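First the structure, which I've put down as structure tokens, then a few questions once you've had a look.
Per-chain numbering from 1; labels A, B, C, D and E assigned in written order.
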């Protein structure tokens, strides 16, 4: 039986009607498109009166399909679907076509715009006839949440949820939570002590009854989907029995093996082979660094085991896989520092007194390797002139095109610390000074007043090749002072490189496990850059902090809280709807060729070895349709985007090309050549 | 000084971009000064390469083509490999050299004369000719310095490092046909 | 052909390029009305069959647009679209189609301007190439009708001779 | 291994020592060089300053003349190397340009398809194709005791650095260490020698030359080893005039890397072109290399 | 029960299908028992005028092989259609054009040039460059030849077809099964392709796993192992996209499927399925590498993807430029390599 199609063309005030002859479109559709029983135009379709128009027609005219030609479906698809549903028509039998953003607003010629609108309406009408009613599914939401990353963003998210009474699993790769913030001395622009504001949060997390913490652990595997993820966590062997250890620290004290600490101390200081990264670490349980421990490398020592009062040392401990189930996941994996040796003209690694920003942070920190003294690499000489170079590895298409967002302010903070702690002159070499947030510009003003020197120009090179006698023994910073338009060579004793923030080296790998994507730069992609900044394309997976893009502490905290709020909302709702736009495989047609097996980034396609067919796991399918178009046997169907639906849409969209004086035998439906030739018969 | 008139439609910038391979990268200039800071001749330039790009953006053709920047360039390509926006700075300088020579805007430099003498030798013999270059160009543009060159030239000569006669390639006709055709194609635009 | 306005079918992915087109609209960026959009969830859904069918049905050009490589909302499905694009393009070129009639465009949701420019560029190229009218390639031979009639006539004559 | 060989104008006369030593060393290492028949000048930087299209066509003639059996051409001169490489790249990346150049070439009955000939520098060939083991194998007089400053100059490492770092190239450093020399790691090894500036603005050129000599001297180099005729000419030929201009007393011999390789390989210094440099190198080499002085005395 | 009437006809095809009918061996006797063979020019004596004289619809079953390349073939297709109750497109040529359909990459002029002018065997014999003409005036009157079309059409692009029997040629067991179905009146819905409703992999005994292809090989470049999926070894095996029913004959003898059975149910363009599937599993994300893998491994894309189905594909032929006078379809598959 033929469908009964209703067509509704919106004026959107003059937004559409100003450029498109909407009456003509509606009239034409009513006359020319098969199976159309109602075709109307209306001032504002999205108004309650407009919606009522549709609902009434469905009831009174017995419409079985509805087409709304209006704005973008991203704005009002839900509205019109709801209207249909209200009138008893399955919501997936309603099709929107976009004649505002895609036609009226971008066109300049009324007649051509009207023609384009007709083609789009025809396409939607042809397509809608092939649409099938679909039902949304529901999944219950497990109230537990996994937070990946124990930096400030992850800690904030953890606390928000735990305080609200929901269980949280927190996974941190390093032996202690705290993240980069634990390494800093002061925070801009208020100059609060970083440790003073961070450590209370760390211990709160460590002691919270709703938090189960896995430090020195990594996410191994994620399966399932929103509401019920199954996660495997690899608890790396600490070689210290967590339950027995009291955190007294005797083992660390007695350990005879000193190791350069390239992580927490950024290579500026030492730790032991058994260690906690820093005194306020949470948990206090140390780990043995097996690559450097004398027992593990040479089979001698065992001092830690001998001194441990609770026999907590276990040299035979193995990695452990722990499986948990959660309803949602918050990713807060942060950033890593740009490798400054990639820019050899700045001399890092070759010239001793060129430092990275993280090295300098540790140097400034009173608990750091120099006890907070700003000195040259020799550990004693106080520098007289210090250069701070901005945008090292940022705003540079050869490395990272983006602005790292925090360096300008951190450079100002460094400038302040230098001026406060030493008598040195301090120079900032910047391209543009970026101080947009609250109280940031005021901080810049403060440094101007404190006498920090600002040179506008990206430094060309740092060299020890002196040209003039007064350059001897110095590092010379060569730069064009772009405000003067001349080249300058400024001799200094110390150079600090404001290295870029980069995505974690394994961000992509973790993204694949979670089914979330990365931008070209490697940061996790949010669902919408403005309106949905902490959700991702994968339902139930949220991002917070610098793993989504360079961010300072306030922004990271805000995102951590935002992600937690989103998760709490999901938990409170208790269930989530599952879109029915998914793929399915006709096992009769499937030959088990396995072309599709490798194509799904969500691992939603499984192969049944016994039956020799592939199958789509409905709950994991996100409906992209890639497998549908790959199937050589035509065995996979994509709901709501089936081959038939798109073919029909094509026929509609090209209605005028088909009718446009093409030869009759050229009809695209493979229709037969005319069989008019009379043949003499018996 | 009156403000320079800015060309409404910046044809100059378009011209420079069109004449330079990958010249469109110029649109991305951040005015960071990496080029000017890196230049070994930077101290000798009235305008740094960065400033030239700013002037090109402002459509100030006269100031750009009469600048000494191009003639101080030693083609070391530091600016090119360091530019954070991958602007082919050295190649832009080459473009400006050509425009400046074509329109005779250069001043206080012998570089165009050297280039002319050099290319003439190539066109005539298919090879460069150092002695001819040294004598011809120096006598042409700076007879005094030719005198200073004397002792050094003599040392070079005695060590067999300077030939008094140019070498000519065998198939010079072929090369000249190619050169002739290339000029003709170049003139088409 | 005067005033030829090409008909180009645009397959736009729901997340990036369709939104880029939405953005172009919200920003009132003007571009030619020749690309008619079919929304798919992902550029990975674009089946070569759709493209071939569009050409056979009278499209003068086909554009496939998706998220930038590495930015696919389905993680990496646009790479599959890219592979299919090159595979299909090689075949289409071998069949005599001008390469400018089939284009792959990357446009993020923020790149309304870029998408509009791509549409303008492609429309321009295809307009210069002129109408495609692929189905005319297999139009009946002008002499066909006559040749068939001739067979009929011959057979009738033969029958007459026999009878 | 066989390569097309493009010596370039300088190597014919001014840098004959380079040509001689390249051929000697190549011969010993089994690198077969087949000189491009009737090659012409690469135009240096000068031709590009005049007319880009014609410059490219002039250079492309050389590429078109490469024996089709050979896939690679070796150019020892930095300017020649860059010009050949740049031409190939320009033609490969810009179709319309390629078409114009080939239209010009056609006037001489030639055609060049970009990408058919790979342009190599002699240093790359020795370091990458021949390699450490084969080079070490040929060393009979290790340069122990000689402090050598490798000087790369500009145009081999920039703008097309290949697998080198354009700021801090290392290949010559490695090569010299294989020869047993003490390699001087000084900061200006890829800085500019002044190029043609000696012809245009002596004060400017002399300052650049001074910086290089000064740095090498500050780092106690006995000798600078270079890989470009222009660099050698500026640093060696003009050293005396630079001393006069700045009132300095530099006396640093400048030789080609292939010359010093030849010494380590035990080849006859005369055949390597020693003696053509203005600041004599052999006495320094003999004085510093352990054991060589004694040999020379015999 | 009275005997049914059977006809067979041979249009633009190689004749293999005719021989394939004999492949049913002794069953041919059963056929003779069940049917009166009223028209089979290849095997029995008979005249077109006899068929013309038959009442419309009087033939029970017509197995028609070959595509439609000339006016005579079109005439015969129409004739057999009218006279037959059930018309079967028999074999790949009638089904989807097959190898003769690949000539749709060219046109009449190009084909005649090859045959009458450039062909090494014909050229010396034809110095005046004579071409076949539909009508030639001779003193005795007009001589006629069928008109040679620019484009080969499949049978169903010419007349309505009831069933399709795929294969080049159809396998004996399938021919027999089809005949039995007609005899027993157990015919599937009209328009069906007689065969299985899945693809060759279903019948292929090779071991299959997930696919990632870094390089496509031509058959002469490697000797594949006998255990594993040929496609996974880099050979373009068309079995993934080709209707099953043949018993995976080719892969069983270590030779990749070339696709003679055409596509699975519901597929309108065979090549699209193959292109899409193969492209999807190329193991690269780098545009240049992808293009290189495709260009090097599949130098003749049309011949690879549409070896049997060009005439039945959406595009049916290469871009042509009018009739005899104009240039032939420009890029030949070989030219496309450059």
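Odds and ends about this structure:
Basically, a residue touches a chain if its C-beta (ideal position, glycine included) is under 8 Å from a C-beta of that chain, and two chains touch if they have at least 3 such contacts.
A quick note: this is a predicted structure, and the numbers were derived from the prediction, not measured.
Shared contact partners of chain C and chain D comprise A. Counting steps between touching chains, the shortest path from chain A to chain D takes 1. Relative to chain B, the most remote chain by averaged C-alpha coordinates is E.
For chain C, the chain whose average C-alpha position is most distant is D. Should one ask which of A-B and A-C has more C-beta pairs in contact, the pair is A-C. Centre to centre, using the average C-alpha position, chain A and chain C are separated by 34 Å. The centroid of the Cα atoms in chain C and the matching centroid in chain E are 27 Å apart. With centres taken as mean Cα positions, chain C sits 48 Å from chain B. Taking each chain's centre as the average of its CA atoms, chain B and chain D sit 22 Å apart.
Shared interface positions of chain B, defined as residues touching 2 or more other chains, are 78. Chain C has residues 47-49, 53, 56, 69, 76, 80, 84, 138, 148, 152, 155, 159 in contact with two or more other chains. Along chain D, residues 167 each make contact with two or more other chains. Chain pairs that touch one another: A-B, A-C, A-D, A-E, B-D, C-E. The residues of chain C lying in touch with chain A in their complex are 5, 7, 9, 15, 18-19, 21-26, 28-31, 33, 36-42, 44-50, 53-54, 56-60, 68-77, 80-81, 84, 109-110, 116, 133, 135-136, 138-140, 145, 148-149, 152, 155-156, 159.
Of all residues in chain C, only 47-49, 52-53, 55-56, 69, 76, 79-80, 82-84, 86-88, 90-91, 93-97, 134, 137-138, 141-144, 147-148, 150-152, 154-155, 158-159, 162 touch chain E in the complex they form. Listing the residues of chain D that touch chain B in their complex gives 9-10, 12-16, 38-41, 43-54, 56-58, 61, 90, 93-94, 97, 100-101, 103-110, 154-155, 158-159, 161, 166-167, 191-192, 194-197, 199-202, 204, 208, 237-238, 240-241, 275-278.
Chain A makes touch with chain B in their complex at residues 345, 391, 395-398, 431-432, 456-461, 478-482, 485-487. Residues of chain A that touch chain C in their complex: 72-74, 98, 100-103, 105-109, 112-113, 115-116, 119-120, 123, 511-512, 515-520, 525, 528-529, 537, 581, 599, 601, 622-626, 628-630, 638, 641, 643, 646-647, 649-651, 653-654, 656-658, 660, 662-663, 665-668, 673, 677-680.
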